[in-house]
Amino acid sequence: MAIINDRELHEECGVFGAFGIPDAATLTYYGLHALQHRGQEGCGIVRVKNRVFKRIKGEGLVTEVFNEENLTTLNGDMAIGHVRYSSNDKGGIENVQPFLFMHNTGDFATAHNGSVVNAVDLKKRLEDNGSLFHSTSDSEIFAHLVKKESNDQDRLNAIIDALNQIEGAFAFLIMTASKIYACRDKHGLRPLSLGKFGDGYVVSSETCAFNVVGAEFIRDVEPGEVVVIDKNGLTSVDYTKDKHHNICSMEYIYFARPDSDLEGTNVHTFRKKTGKLLFREAPPIEADVVIGVPDSSLSAAIGYSEESGIPYEMGIIKNRYVGRTFIQPSQELREKGVRMKLSAVRSIVNGKRVILVDDSIVRGTTSRRTVRMLKQAGAKEVHLRIASPLITHPCFYGVDTSTYEELIGAKFKDKLEKIKESIGADSLAYLSPESLYEAANNNCELCLACFTGKYPTATYQSIHDVNKI
Amino acid sequence: MAIINDRELHEECGVFGAFGIPDAATLTYYGLHALQHRGQEGCGIVRVKNRVFKRIKGEGLVTEVFNEENLTTLNGDMAIGHVRYSSNDKGGIENVQPFLFMHNTGDFATAHNGSVVNAVDLKKRLEDNGSLFHSTSDSEIFAHLVKKESNDQDRLNAIIDALNQIEGAFAFLIMTASKIYACRDKHGLRPLSLGKFGDGYVVSSETCAFNVVGAEFIRDVEPGEVVVIDKNGLTSVDYTKDKHHNICSMEYIYFARPDSDLEGTNVHTFRKKTGKLLFREAPPIEADVVIGVPDSSLSAAIGYSEESGIPYEMGIIKNRYVGRTFIQPSQELREKGVRMKLSAVRSIVNGKRVILVDDSIVRGTTSRRTVRMLKQAGAKEVHLRIASPLITHPCFYGVDTSTYEELIGAKFKDKLEKIKESIGADSLAYLSPESLYEAANNNCELCLACFTGKYPTATYQSIHDVNKI
Amino acid sequence: MAIINDRELHEECGVFGAFGIPDAATLTYYGLHALQHRGQEGCGIVRVKNRVFKRIKGEGLVTEVFNEENLTTLNGDMAIGHVRYSSNDKGGIENVQPFLFMHNTGDFATAHNGSVVNAVDLKKRLEDNGSLFHSTSDSEIFAHLVKKESNDQDRLNAIIDALNQIEGAFAFLIMTASKIYACRDKHGLRPLSLGKFGDGYVVSSETCAFNVVGAEFIRDVEPGEVVVIDKNGLTSVDYTKDKHHNICSMEYIYFARPDSDLEGTNVHTFRKKTGKLLFREAPPIEADVVIGVPDSSLSAAIGYSEESGIPYEMGIIKNRYVGRTFIQPSQELREKGVRMKLSAVRSIVNGKRVILVDDSIVRGTTSRRTVRMLKQAGAKEVHLRIASPLITHPCFYGVDTSTYEELIGAKFKDKLEKIKESIGADSLAYLSPESLYEAANNNCELCLACFTGKYPTATYQSIHDVNKI
Amino acid sequence: MAIINDRELHEECGVFGAFGIPDAATLTYYGLHALQHRGQEGCGIVRVKNRVFKRIKGEGLVTEVFNEENLTTLNGDMAIGHVRYSSNDKGGIENVQPFLFMHNTGDFATAHNGSVVNAVDLKKRLEDNGSLFHSTSDSEIFAHLVKKESNDQDRLNAIIDALNQIEGAFAFLIMTASKIYACRDKHGLRPLSLGKFGDGYVVSSETCAFNVVGAEFIRDVEPGEVVVIDKNGLTSVDYTKDKHHNICSMEYIYFARPDSDLEGTNVHTFRKKTGKLLFREAPPIEADVVIGVPDSSLSAAIGYSEESGIPYEMGIIKNRYVGRTFIQPSQELREKGVRMKLSAVRSIVNGKRVILVDDSIVRGTTSRRTVRMLKQAGAKEVHLRIASPLITHPCFYGVDTSTYEELIGAKFKDKLEKIKESIGADSLAYLSPESLYEAANNNCELCLACFTGKYPTATYQSIHDVNKI
């Protein structure tokens, strides 16, 4: 029984919060459901009612962990929630968020999306000062940093102090008995947006959740900002002056839902534009059909088709009923052509010259399989067009790009020909970093570390170690 | 807790069989998974091994009912399987197929997709002759018609005899200890195709399952044909000379997976063509974007976009993680804009004149909701384009079009203006029946009964009754 | 993962019915729960409401298959239910009762406890006349025998006719839209009792269910009797004049709950008396403590203790939390002494001469294990006293005594010494058949076939075959 | 759906540990299963393998949380486990033990049975010094007290230091990468015993688990002792000189399994003796049968029967198949006599004068229900005999005796007549505290606080508060 994991890249988690809204937990349920693509391994919701915290969390999808019966017990007008991705080796219910902490100065809950690069150092220091950790999550570190203050004003100062000690990429929600604090890292690597719902407020990793719950988008939480949401509305505090708009480009390229807006640019629109730019940049090629790899590459494929005039077709289909667990085809069946998720449409690709648009290549395994599948279905030629640059460096901000050695772009650096051969495509082209900027309307700087090795944050030993390999 | 049911039209079931293939049940598992869109309420597989039948069936998706442990117990080189759609009122595990019958002349299993129009009469006659029914399924009738013969040749004659007594739409699989019989109704209303897998054979309601398991398409089972699959390969017998190619047009328009081929025409290609023809036929309209209702209308929308030159955008998103059960938003939350499955993308439709392409309108409820959702997201105009004709008559061949009175096309017959108003669209246009033929390459007649009232089969009392209403 | 099966003897099933009682299905739930010891593999309830039948059934315990949500859907004032034991090889949801049959003369449901000895012949004849079987259960045969009549009076005649064709041991409930028919085999092999609950009636395999639901015991259904329960109350019909009171002695010795009364004798009282008689009959022995094997032998052990004056102690404990599934200790752990269900109490048996009272010996495996366990816990001597005679013949009436060869009493017939040695006891004694009669107050004849080979029913080929071995 | 909770008194938890034993977690599974009566709400096991900790825990019974698949992943030769009872209001997976803590000086796990009376003060002080709590469990406090030391010798000192700060009743297991520390409170309120299994060691809340896994009892952990179990065997350290043998008398009377030995006295033997003493002490009464309330009062009832010569009968039966969840009978059905767990046996009690032996009375509700049930089944007289003294004071050591006001013995103090009337018994007698000592062979002092109000530990504000009420 395999746990579904159909993406080569993984990011950790999505967060959602609701304040001043009747049945805030129910709204959070719908919000998390809209963020489910950011993490399918576990989820949880904490609500506050009359200053009492109550949490339900579990492993599985939002629709699996929550049901009408248990959701009903989470009534109250404040809630935060979390969806979690976890690699197999560091799972377990204790890492499923939100975390809930008991303290004589006031209980609090936290939910966190991202990655703290100086976690090891911080943890050691905290333990030396009396902390004891239950989980391996970075989120718990943050809780220990902010725990000690005894009144609401002090709490904000403690949070600001804590945020200044953390280096990394994150969107952070902290809920006390009366407030939700929404924090975003100073590089703006992870997205976090504010919305209005009736008389209350919502905060979400992506704006798609606002579309789903019918909330009105207000604005993004700014890099380096803490937004305090309480009965007085929204209060903004900058926890640092060192602020940047380096949103992770993979959010645009791959992670985010196409109906989300990041830094003011719609993700589908971004992707469609990368498809158009890809056509313009890449060497011209004669072809019969343009095909995208579902689902994240469809927008780019449509853009390529519109720009090139080559018709867009559904040459690859994704099964909509792949549940969270399924029976993996055996090696023998895979070789005979049994496929669980993606299948090529013979009557569309047979005898055709195919432009295959994909969003990115990580290890190359998936691309190789996809190209082979198209050829087995009769495609005469398969020209692979990647709507992002070559990934050459690992990510330290929560994107699970496996190890450095596994990156096909690191192995075969500057050697497009070898990658093309390894994958079995008839031609291969990547998008330039410049075009990514253009697709994002040049209104943010974007983090391109995985393409360029230029990491926006201070670098730590662990990072150097990995880079040296 | 609602059971997911996001389609206004329902058809009953899909079938898959495998003969002469090691681990035939496992292949059937993947085949059924590819047919999951045809029925999500229940599923089952029966295998034969050394003449012993073993069945596992259950309520739920293929990935829910089967796991490695129970699938392993179904080893053997012959199997048939079934996915079932059931309306709420006639559910229950006893109606989940395949059925398995014990008989001193040889046990046998059956799986069936479709609807028998003379079921009531047949059942009465069979009961008078000693039959006793466990289920309300038409499939059991068929089993009683063929049960009595004692050797393989007689069995075939019994099946032929039985098929001639049945009036309706069906694809039928019968598995004895040594053979699979694949039968298709004489009107060809339901699809059924044959494929080759290694040294063995597969048979499936749709060819998409062949793409998924890596089988090679041989040909469709013909209307009025019984194909006997056994150790001698394929043997074809016509059970009647009265044969027609009236495949259900809704299979093209809505039910089938876009990667299936029906009567030689790919479904996505068909739909894309309807989109193109729809643009040509419908009154010209100025618009900014073309949007399709996911998933079944996306191909038509892309066709419309290609033909019109108006860009295709992802203005409506479907949540991929809607499980089989979920918590329905309360009326209050729905009014506030909370949506579970489809959401409009504000940044794409805001201020835009939208061409909304949908495959069909049944009761109109969904269309009304979709149009309202787009307007709430800021769409300036919504022009609804339906890639099929107006549905005016109920179906008696397994498509659940609700009752006659509920059909918005029956209520407001020939009154497009009223339907447009009821739905709240700024304009409305349907495709002509002629264009459906053209989209199907004019190589089959298509059953258009739901659009025209011309039923291809003999009509029975129950049909007349309904028509009169 | 093992399915619990802690008994060497198995009987198939228990039945319960309720008529004229609001929420009859809920009462049936509690009734079945009280009969759970008669079958743990599956259970089901069918109710009638306004002539409409509805059924829920499943594999597992009553508390696993039913919950408040699904039980609520079974409202109505008539219901029958069933708990099922099944050996591993003939399981499956299709054999779980009650069965529900659709027929134009009126639907009906059946629930059945027992075994039909002429099943093979009947099935063949029925199939020749048009019957088709879904299950391997004897219960379905009976349904086919009674199906054809079209009015209520005819139905009774059909039932009487059917009962006269069946040879075997059974308690049978048939529920039509307006009546429950309660039938008992003419030998009275299986128990079935009638009770009053408010203005309505209940019928149950054992009277313990009456204690549990607060019903008042009326009387047993008599051997060869059909009791019709309908709005006119109870109507009694004898379907044959050939009637006997040969209740299965194993019902007293082992199967029934101690709080049930069979043929007017309480089961605990019966067992206690066998303990007393066992002391009187068996050779006198010096001992320190009397211990019973939980749970079925505790009454006999207490009787032995009272009669002998040797104190009764809890020297063997049964874990109350053995669920339906558990992890079987590996062979290695078993050898090291790991036990899941029964454990000896060292501080009670250490250094003691133990009288170990058990109800019966089938294959001898369990007795051997129990004796060894006591010795490992320090028992100086273990004197095994069996509160029933030596089992020498297989049963054909629903008691699963394994095959003839496996019976230690068949293998070592008349060789008590060899059985004693094989089991490792220091002495061994059985009860005489006469004492069984005495314990039952001599008011019924008892079936002693497994002890004597004298079968009360006509014998069929299959029986002879087995006996010859 | 009710969660089963058929006891009026509750204690929190049981612990089991295994060191130096292949597949220590599997042995712990069987050990916990033997301790299941001490807690059914949740359970967990942590193992160490090559210094790596791995935990599985969950809500439910041992047989529900663990299966062969997940237990297999816990291989290794050290493990500790826990079964948990939790009142409904403070449940949740975060309180299910063992706890597992990450620390740079070495990870460790803890499992704990009992109650810390100075928890509030300790928690405040720890939080002021940097601790942050995830759960409401006392066990976490202990972990924070011991966390800081960096080598094994220091660890022992830290544990000793921590134990001296805790006031209360407890058995505590701490597992580091190489050792298990087994600690018992200085009053000896909770039991904890050591056993030998092959070349390794086991430690358990009750010795019944040794019987079950085939381990050899070595000795009890002494009050105020820490036993260090590591590759050098057992090392004993007294953490205090202030040591007492005040084992909780309720362990004997009610909690422990009858096959456990506490402080050298077998629990069944203790109970049987209380039954004998109860007969001698209580006013003589003419009666026909002695009946015990299953399961905890059966030993005392047998003792009473043996001493009085009045026959012991099974007049009340407990259903063995009450699962963890079941459908509670409605008020209406309860009034009609529907019972889920206990039922009276009419044929045994009808017309009889009954001695009903019960172990204790807390709120009186259960006794009242039981007496009424016997009278409804026809008992002429019911004489209630309680095999322990009148409970007049709440417990602060982990026994959930509800609030002070709910104690029928507190309300009606010294007013036996009123309790008798309230319960509806024909006579009522309690055992004297002196007889409890005698039953325990006078070899320990016993904690009788709930009978006498004399608490063995220092008393804290909270205790005074409750007493004053």
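A few notes on this one:
The chains carry the letters A, B, C and D, assigned in the order they are written, with residues numbered from 1 in each.
As a working rule, contacts are C-beta pairs under 8 Å (C-beta built on N, C-alpha and C of every residue); 3 or more make two chains touch, one makes a residue touch a chain.
Owing to the predicted nature of the structure, the values given are computational and were not obtained by experimental measurement.
Minimum number of contact steps separating subunit A from subunit C: 2. At the far end from subunit B, in terms of centres built from Cα atoms, lies D.
Between the CA-based centres of subunit C and subunit D the separation comes to 36 Å, rounded to the whole angstrom.
Distance between subunit B and subunit C, defined via averaged C-alpha coordinates, is recorded as 48 Å. Note on chain placement: the centre of subunit B and the centre of subunit D lie 59 Å apart, centres being C-alpha means. Shown here, the protein chains touch around one cycle, each chain meeting exactly two partners. Applying the touch criterion to all chain pairs gives A-B, A-D, B-C, C-D.
Touching subunit B in their complex are the following residues of subunit C: 55, 57, 92-94, 99-105, 123-124, 126-136, 143-144, 147-148. Residues of subunit C touching subunit D in their complex: 1, 23, 26-27, 29-30, 33-34, 36-37, 40, 61-64, 66-68, 71, 197-198, 208, 211-215, 217, 257-259, 261, 266, 268-269, 272, 295, 298-299, 302, 306, 311-314, 317, 319-323, 325-327, 329-330, 333, 336-340, 343-348, 376-377.
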